[in-house]
Amino acid sequence: MLEVSGITKHFDGVHAVDNASLKISQATITSLIGPNGAGKTTLFNIICGYIEPDKGAVQFNGKNLNGCAPHERASAGIGRTFQNMRLIKRLSALENLMLAFNYISPPLTGGDEGEGEKGEGVSENPGFIKTLFYSISRTHEIKNKEKAYELLDFVGMKDKVYEPAGSLSYGQQKLLSLACCLALDAKLLMLDEPVAGVNQETIHKILSLFRELKKSGITIFLIEHNMDAVMEISDRLIVMDEGRIIADGIPSEVKEKPEVIEAYIS
Amino acid sequence: MDYLLHILIMVCIYSIVSMSLNILAGYTGLLSVSHAAFYGIGAYTTALLALNAGLPFWINIPAGIIISGVIAFLVAWPSLRTYDDYFVITTFAFQIIVFSILNNWVSFTGGPLGLPGIPQPDIFGIKISSHVSFLIFVLTFAVLTYIFLNRLMDSPFGRILKAIREDEIFTTSLGKDVMKFKLTAFIIGASIASISGSLYAYYISFIDPTSFTIMESIFILSIVIIGGAGNLKGSIVGSALLIFIPEMLRFVGMPNSIAANMRQIFYGLLLVMFMMFRPQGIMGKFAFGKEGGVKEEVKKDA
Amino acid sequence: MFNQLLINSIIAGSTYTLIALSFSLIYSTTKFFHFAHGAVYTFCPYFAYLFTVILGMPLFISIPLAIVSSALIGILIELSIYKPLRRKGTTPLILLLASLGIYIVLQNLISMSFGDDTKTLRSGIVREGLEILGARITPIQIAIIIVSMLLLIVCRALMRYTKMGTAMRAVASDPDLAVISGINSDGVILFTFALGSALAGIAAILVSFDIDMTPTMGMNALMMGVVAVIIGGVGSIPGAALGGFLLAFAQNFGVWKISSQWQDAIAFIILLLFLLYRPYGFFGKKIRKVEV
């Protein structure tokens, strides 16, 4: 699903990422770990298009993403959460989700899009005025709202629909960020420290959500420092240190590798 | 009485131009000091068409909107590559350049001498000449502008603009082409500003470049900020405040020679006071990054 | 003709350099556009006018006094407005807007107090000026060049060889680190305002002797300074000179071919080109970083 080959990036002469290559298969959960400053977030930023690499290529679903802007990659199905929580704090949880929707909402199960209401159908050609003013017809807004309620329910925040995102607890904000990726209809979720800074209960909730998402075919690629969570949830483990990928494989094996242990100690 | 009507007409005209700037500055967070340029382009387009081609207002005003829109695109396209305070400086530069053109291209714009004798607008042959009829004329535009912009800001489009203002990167991560939205907001703002310019040209019947300087841009921005960034009603309140009060000073016997200075000191002081104690203005929703005391630090390459 | 343009460029370049220097010092330590600097600039010759013409003091007293008064105004603005804002947490944008407000208030105070007409500090007749290589240059214009270059050298030395200079550079490059290292950053900023304002005042007085003064002279001077700083690179003293002279040459030789009324437009087109394509100028460092 995601193929990264030979990504290299310098900043002021330092290799932030050094010839990184990896492959992520669909419907798997992969964790990217490594000591601070290893280049994990930088790699994420490059994959999502926020930073341009000096060398290397990123392929998503067979399509080369080089030159694609971050918003295009997001529309193509790559969802992202950030280390510093990013949400629109003054908008309600519902409205944050509504932001993610395109002209029409993603299909509820995978079948019923494009009913051709007045020729609108799938969002390919929404018309000049619509594009100019990004307007969505009433019916679609309602559909989107329904979908938004569903997603909030899915992450267990049905009662917080109208709360300003800024007044939610940290854990709830994390859930909301996850919901936003789903609203985007992302098939690959790239999550930067999804369980950092939340209590055990929330961690369990999030991890079980991950399992459910994996069952419905969604791919998860995450950065984490919480080793327990990582070991519990990951199908695969990739380790980075000083910009390089030093290990890539099954968690139980990778954990034992001497270079991995050394990277963390030094 | 005529004097009061005059003030109300000016409040309407400034409401329109400040609401239009609010879309940019208040809702999208793009603080532009080039708005007087578009205000001026509207005025000059209308004036030139009315004087030279005798065209009626329902052609002149849309013409102004279109020309403003095109020039706005040319200004916005490069400007939006800069951020925050550098964006302000970029729009500052464009404002000066447009002003230079209006002031120096004498053969086209009449240069510093301006364009006198702009005919009054007429509806089906009836000239709008009295203060009362002009007030109704201007008020109609103001109300329509308010309704249009209000609906626009309540729509998904407006939602995205507000999101861009708060967190551009998050908005990008949701698949939205932030640049395209900013451009659209800029063009809409500039186009509507030109409406006020057209109305101004018709009202005063004489325009010259000194009404469209950088100081005028700063004045309009001050209305938006003091009234409240991100709230259309705030722009109306701000316009009323910044036009009424200085006029009242004239009533209390302030000599004419320093009235203009006092007016500027008035809003200059208000600007400083609000920035220090209440950046969101009287009734605004945007505090330039200082919401709830939390500094949003998203720095970008200039 | 060419020689006259050359001389004019050098004179203008010197002026711009001094203004750019004064602005650059303040910007690099405080990281926002101190628009009110334009008003501080304007205040100095008007103070001198007050002392000389109205209060009858001799020039050799009123000029230094005016320069000190300018420095005091700069300090006053910093202490009463910028510092409290920084204390409670603020953004460069808010500071810029506040600064705009301050400029408006101060400029209008000058207008109200002295009138909008052009004033002069010169007494007596205007002297013809010397002829050098077929171009005319007046004594005051020579003074502009010499004083600017001298001050440039002095400032460079200050930044490199004194404790305060090092502290200023530290605050400019990494304010948080500077504080941790024990530098009193508020004190450094205060000094910078005093110095920057004084330099601006000197520039303004020189200009006033050359081409007289109006209350709005500051806005234009400031913008030329900003353009020069952006061309040369923020935080670089040689950059201020490079920017100042490049701008002056572009303007003077530019209007040779087109009318002089486009001078401002030329300056701002150059500004735009640099902002868009070389925002860190020739010698400056990248001012902003992407934070994703």
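Order of writing sets the chain letters: A, B and C. Residues in each chain are counted from 1.
Methods note: a residue touches a chain if its C-beta (ideal position, glycine included) is under 8 Å from a C-beta of that chain, and two chains touch if they have at least 3 such contacts.
This structure is a prediction, so every number in the text was calculated from the model and none was measured.
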{"item": "Chain pair, most C-beta pairs within the contact cut-off", "value": "B-C"}
{"item": "Chain separated most widely from chain B, comparing mean CA positions", "value": "A"}
{"item": "Rounded Å distance between chain A and chain B, as computed from the means of their C-alpha atoms", "value": "40"}
{"item": "Chain centre separation (chain B, chain C; CA means) in Å", "value": "30"}
{"item": "Between chain C and chain A, distance of the C-alpha-averaged centres to the nearest whole Å", "value": "49"}
{"item": "Contacts with 2+ other chains: residues of chain B", "value": "169"}
{"item": "Residues of chain A whose C-beta touches two or more other chains", "value": "50, 82"}
{"item": "Contacts with 2+ other chains: residues of chain C", "value": "290, 292"}
{"item": "Complex interface listing, chain B residues touching chain C", "value": "31, 78, 81-86, 88-90, 92-94, 96-97, 100-101, 103-104, 169, 214-215, 218, 222, 225, 258, 261-262, 264-265, 267-272, 275-276, 279, 288-290, 293, 295-302"}
{"item": "Chain B contact footprint on chain A (complex, rising order)", "value": "48, 50, 69-72, 74-75, 79-80, 82, 86-91, 95, 98-100, 102, 132-136, 141, 166, 180, 183-184"}
{"item": "Residues of chain C that touch chain B when the two form their complex", "value": "32-33, 81, 84-85, 88-98, 100-105, 107-109, 111-112, 219, 223, 226, 259, 261-262, 264-265, 268-269, 271-272, 275-276, 279-280, 286-292"}
{"item": "Touching residues on chain B, where the partner in the complex is chain A", "value": "152, 155-157, 159-160, 162-163, 166-167, 169-178, 181, 184, 285, 291-292"}
